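Take this structure, written in C-alpha cells, and hold onto it; I'll ask about it next.
Read from first to last, the chains carry the letters A, B, C and D; within each, the first residue is number 1.
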Amino acid sequence: MNTFGRNFRCTTFGESHGLAVGAVVDGCPPGIPLTEADIQPYLDRRRPGKSPLESGRQETDRVEILSGVFEGRTTGAPIALLVRNRDVRSKDYDALRDVFRPGHADYTWQAKYGLRDHRGGGRSSGRETLARVAAGAVAIRCLEPCGIAIRGRVLEVHTATEPEAMEAEIRAARDAGDSVGGIVEVTAAGCPAGLGDPVFGKLDAAIAGAMMGIGAVKGVELGEGFGAARLLGSEMNDQIGEAGFLSNRAGGVLGGISTGQDIVVRLAVKPTPSIRKAQQTVDIAGKGREITVEGRHDPCIAPRIVPVAECMLAMVILDAMLEQAKYREFGE
Amino acid sequence: MNTFGRNFRCTTFGESHGLAVGAVVDGCPPGIPLTEADIQPYLDRRRPGKSPLESGRQETDRVEILSGVFEGRTTGAPIALLVRNRDVRSKDYDALRDVFRPGHADYTWQAKYGLRDHRGGGRSSGRETLARVAAGAVAIRCLEPCGIAIRGRVLEVHTATEPEAMEAEIRAARDAGDSVGGIVEVTAAGCPAGLGDPVFGKLDAAIAGAMMGIGAVKGVELGEGFGAARLLGSEMNDQIGEAGFLSNRAGGVLGGISTGQDIVVRLAVKPTPSIRKAQQTVDIAGKGREITVEGRHDPCIAPRIVPVAECMLAMVILDAMLEQAKYREFGE
Amino acid sequence: MNTFGRNFRCTTFGESHGLAVGAVVDGCPPGIPLTEADIQPYLDRRRPGKSPLESGRQETDRVEILSGVFEGRTTGAPIALLVRNRDVRSKDYDALRDVFRPGHADYTWQAKYGLRDHRGGGRSSGRETLARVAAGAVAIRCLEPCGIAIRGRVLEVHTATEPEAMEAEIRAARDAGDSVGGIVEVTAAGCPAGLGDPVFGKLDAAIAGAMMGIGAVKGVELGEGFGAARLLGSEMNDQIGEAGFLSNRAGGVLGGISTGQDIVVRLAVKPTPSIRKAQQTVDIAGKGREITVEGRHDPCIAPRIVPVAECMLAMVILDAMLEQAKYREFGE
Amino acid sequence: MNTFGRNFRCTTFGESHGLAVGAVVDGCPPGIPLTEADIQPYLDRRRPGKSPLESGRQETDRVEILSGVFEGRTTGAPIALLVRNRDVRSKDYDALRDVFRPGHADYTWQAKYGLRDHRGGGRSSGRETLARVAAGAVAIRCLEPCGIAIRGRVLEVHTATEPEAMEAEIRAARDAGDSVGGIVEVTAAGCPAGLGDPVFGKLDAAIAGAMMGIGAVKGVELGEGFGAARLLGSEMNDQIGEAGFLSNRAGGVLGGISTGQDIVVRLAVKPTPSIRKAQQTVDIAGKGREITVEGRHDPCIAPRIVPVAECMLAMVILDAMLEQAKYREFGE
C-alpha cells in the first residue's frame, strides 16, 4: 500500500538506488498557485549531506512537476512529482546483498516478498521519505491560505535537550561508530475546530498512523501523551473559559476531533540502525555472520525526520479539512 | 468514517443511549466456526458494573448474530452483530444537554456536526467500543487456528505498577471524586514474519492508528517505544543469531513488517474525564458554567480498555494476514 | 465487499432466510430530517406480494432506525437500518440444498466460498436489495432539498412497450412456467453540472458499476447508449446554445461529469432464472439432475428492480455531490 | 480519483500536452518477470498515427520503468511507468481556449474545476488511456502464467460488421468531416470460477465501471446483454451438464462471480466528438459561437479503444484474483 490519505491522496514510488523517487498527488484542490519553488525548500531541508553530522550522500534532489499544474495553478488533475537519483553508489552494498542488517527491514522484507532490492535498503530506505516531503509540501501550500502553519523541531537527542548538547551527543555517537535516538515534536497552529472523523477516522488516530509509518519511529503521543497516565482527571482535563480553553493538555484533539488549539505531537525516533560497531547477524541462508555497516549514514536521524513529520502532519490535516468540507452545504 | 480495516472490515454503529450498538463484519473468511458463545466472553470482560471500581451501568450486553453464519460456520457474507441497550438513564444527562464537559468530545462534536446526541456522550461514548469488541472477537476466533494469541493487561495506574497498589490508586481517586490514568500493554504471540504493507500500510502504523483511535488513548509505542530515544544504536538493534533474533527491542516489527517475534504495544490512557470535582466550562451559548459530572463512570478506564485494545490488535493482524495471503500464489 | 460508495457509504447485510436484512449508512450529512416514514414507502414499492404477478412471499418489511438519528434529525453518526425477516419458508429450499439452479449464483457462490446458505439464495437473493433500498431512501431524502428528483419505470417487457402489453407478457410467461426480461429506465432531474470525478470516479462509470451490480442486470447504457454506435458525430454531439444544450444524447454526462441535464440510464434485466420448466443441471457432486424450480418467484423482475435502480442512482449522485463539495472552499 | 482497483491499484497522471503521461502500479505481485519490452507492444497498438484512418499525432510512446523492478523481476514495490510527450502542438488548440467543443468534456470540466488545461483536452484527452494501457500490460503479464488470455476486437462500425465495410464507413466519415461510432468486444479466456466479490464488488459491476470509465463509451453489456431483455427464462438460463455449462448466455458471470467460462463484454463507442463539420456552441462567457474542430483526430475511435478495453479488463480480473486469494488459507 503506497497511497496515503482519503481525500488528499499521495502515492509514492522509487527505491534508494533506482532511477528515481517520486509521488503522485491526487485530490489536490484546483486553483492553488504551485511551482517547483514551493516544494524545493522542503526537499532541501530533508536532503542529506548538508553537514558533517549527516549522511554524506550528495543529491541535489531537484523536483520536477510533470502534471496537474497549468499556467502556475493546480487544475484538480493528479500532480506527478519526480526526483531523479544521482549519487548512487550501489557497490557499497554488494557485501550486504545476502546479509540482514540488524535493526533494518532487510530480514522482514525478504520474509514478506521473497526477494528484495538490497541496494541502500531499496524501497525501505529513508530516501522514500523524499517523495512524502514533496507531496507534503503541496499540502502545506494548500494550507497556507487557510492560516495553518506547521513547525517541527528536535526536542531531545539521547538525553540532551539543548542544541549544543544534542550536537555533542550526535558527534560522540558518530565517533564511536554508533548512533543515537531522539524525540521530535511537530505542531500545527491555526487549525479550525471540527477536523477528524469519528470513530475510525479520528484526527489523532490518523496522525498516529502517519507518524508511526515513518521509518525509525517507535512511539507517538499527543499533548500530555504518556505523561497523561500519571495524572488525575482534575489535572488532565482542559477546562474551558468564556475566552476558550484554559490549557492544552489534550494536544488539540478531543474525541478524535480538533479543538481549534495547537495540535502537538511527539515522536520517539530510534537510533539509526546502520552502525560501524560489529554486530551479530545471519545471511539469507541462515548462517551466522558478523557485520559492520559501512557506507554513508546519519548518526542521528531525528533532525532529518523533522521535515518528514511536518509534511505528514500537513497531509493529515488537509485530508481532514477536505473531509469536513463535504458536509458544509447540506442540512436544512 | 465508521469502518475499520481494508480486508477484514468492521463497521460499527450505535449511541450510548440509543436503541442498540452493533457492528457489521465484512471480509471474514468463510468456513470459520462461529457462535454467539465465541463473542460473548469478550463483551463480558468489557462490560461495566462488574466491580465497585467500574461504572454502575447495568447491561447484559447479549450479542445476537443476525447474518453471515450458516449452520455454525461463517459463509463469507457480512456478519451483523447486535446488542440492544437496556439500562438507559438518559435523564442523568438532561443537565448536560447544553454544557460541554471538559475532557470529553462534547465541544468538538458540536463544532463538527452542529448538533449532537448528548445522552451519555452519544456516539462518542466508550459504549461504542462494545461494537469493536464484538467484531474483534470474530477476528480473534479466526486467528486461533493460526496459533496467534493476543493478551493485554494493565501495566500501570497513575504511578502504581502492582495490582494492589493500582487498585488503591483507583479507589483513592474515586473517593476523591477524581479519576486516574494508566498504561495498558497488549501483545500478540505467534504472528508469522511478513505481515504489514510498506510504505503506508505498515503494521506498526496500522497498530498505532487503531490504538490511538480508542477513546482516552494519548500515546502509543512499540517495543522500546519512547525509551528508544535514549538508547544507542548498539543497544537498540536486535542482533540475530542462527536460532533467531537475540532480543526484541523493536517490539516485533521492523520496517513496518512483522519479524515473527511477539508484537508488543503500549498505550497511554488518560484519566476518565468525567469527575465529580467542580470544573470550569461553558455552555453552548459560550457562557461560563461550573460543572460537576454526576452519573455512572469508571474512575480509571484502563482496565476496561484492555479487551478493546486486544480486539483492535486482532483486527489489525487478521487484516494484515489477509493482505499478505493475496500474493502467495503469484510469481513464477 | 458489502460496502458501496466513498462518501455516502452503505454497508448491507443479511440473507433471504436469515434473521434480518439491513444496512448501515455512513457519511450521511448531519441535520437532515429523517424518520422511518421517509424510508418505508420505498420498501413498500419494492416489497413482494403486492400483485398476482409478483412473488407471493408475504413480508411487511417494516424498517427500524437503530442509530444515527436524534430528535428527528441525522447526527452525522452511522444510521443502522434493520428489517426482520418474517415469512421464511426455508423448507421450500430443502430439495435445492445440493443442486445448482441454472441462471442463479448457486454454482459460482459454491465455487467461491466452498459453502453457502442455500435457503432462498441466501445472500445472493434479491431480498438483499431491500437493504439497498432502505439506504437509498436516505440518500433520496438528502437530495430532496437540493431539488434533485429520481424516477424510474419499466420501458419494455420482452418485446412489449405498452403497460397492458407488458402485463400480458408477464402473465403469459407465468402461466407457461417461464419468465421474461425487460428494460428499466431511471432518470435524475435537477443535478448540478460538475458531478463525477475523473478519471476513475467518473459519474457514468459509477452509475454503470452500481447498476450492473444489481442482480439480473446484464447491460447498462446512458443517453443514446448502444444506439450511439450507429450514429455519426454530427448526429451524436449535443450542440450548445446560449440557453443551454440543444439536445441530450449524452444522457447528462460528458467526460464522466454531469452536464446539468437529466441523467438518463437504461438497464437490461434478464428473465428471472427461477422457472418451473424442467432444466438440466448438476448437483454438488457433479452428477446430472433435472430441476424444476418451485417456490415463490416473480415471472418478471423488472418492475421490482425499478425502486432498487432509483435508490442506487440516488446514492451515486449524493456520493458525487459530497465529493464535489470538498473542493468548494479552496483556491484563492 | 485517479486510482483504479483495490488490490492491483493503478494511479495515472498526465495531460495530453503536458510533459508526460504515466502510471504508478501498486499491489503488483512480487517475482513477476517484467521489462519495458513486455509493455511496449500494448502501447504500440494504442499509439496514434499508425494508419491514415487515425489521428496523425506522431508519438513514439516509449515507456520507462522507473521503479519496482530489480534484476528483471517485480519486487512488490510500486512500479512507476513514464512516457514523455513528444509531438505536442498546443498552438492547434489556441483557438479553442475559451470555447466548449460539443461532445467533449470542455464544458463539464470547466463547471467542475473552474479552470482547465484546454490544450488537446488536457487531462480529459484520450491520451490519458496510454497510462492505463501501460499499467494494464503489467496486469496482462501477471495473468499469463495463470493461463488467462484477453482479446478484443471491433465488432461493428456504424452499421458495418465486416472489416472492409467497417473501413469504408470510417473513410466515408473522415472524408465528410464527420465521425462514426462502433461496438467493441473484449473476452477473457481461462479465468477460474469464483472471481468477484458480492454484493458491491461483483465482477460484472467492476467490469461495467471499468469500461464505462473509458472516454466515449456509452454502454456496456455482458453475454446476451440488452438482448436478454427480449428472452424467456428458459432461453436465457445456461443449463449445466456433467461436463460443464451447456451455453454461455450469461457471458461468464453469474451472481457477480465468474463461472469459469469466457467472460464476454461489449462496449458501445460513440463517434469521436471532434469533427470538422460546423457546430453550434458557446464560449466561456456564454456567448454563441460556431465551431469546426481542426487538429489531428480519429474519425472512429473504436479500434484504438480495443487495447484500452483489454487492459482495463486485465486489471479487473487480476484485482479479483488477488481478492479471491486472500481467503484460500483460512477455514478449518
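Please note the rule applied: a residue touches a chain if its C-beta (ideal position, glycine included) is under 8 Å from a C-beta of that chain, and two chains touch if they have at least 3 such contacts.
The structure presented is a predicted model; accordingly, all values stated were derived computationally and were not measured.
With A-C and A-D as the two chain pairs, more C-beta contacts join A-D.
The most distant chain from chain B is D, comparing centres defined as mean Cα coordinates. If you average the CA atoms of chain A and of chain C, the two centres end up 44 Å from each other. Chain centres here are Cα means. That of chain A falls 25 Å from that of chain B. In terms of their C-alpha centroids, the spacing between chain A and chain D amounts to 36 Å. Counting partner chains per residue, chain D has residues 1-3, 12, 27, 30-31, 76-77, 112-114, 123, 198, 323, 327, 331 touching two or more of them. Of all residues in chain C, those touching chain B in their complex are 1-3, 9, 11-15, 18-22, 24, 26-27, 30-31, 64, 66-68, 70, 73, 75-80, 82, 112-117, 122-123. Those residues of chain B whose C-beta lies close enough to touch chain A in the complex are 1-4, 6, 12, 100, 102-105, 107-109, 111-114, 123-124, 128, 156, 158-159, 173, 178-183, 193-202, 204-213, 215, 218-242, 246, 250-251, 253-260, 268-275, 277, 279-282, 286-288, 323-324, 327, 331. Taken in their complex, chain C has these residues touching chain A: 7, 27, 29-33, 76-77, 142, 145, 198, 322-323, 325-332.
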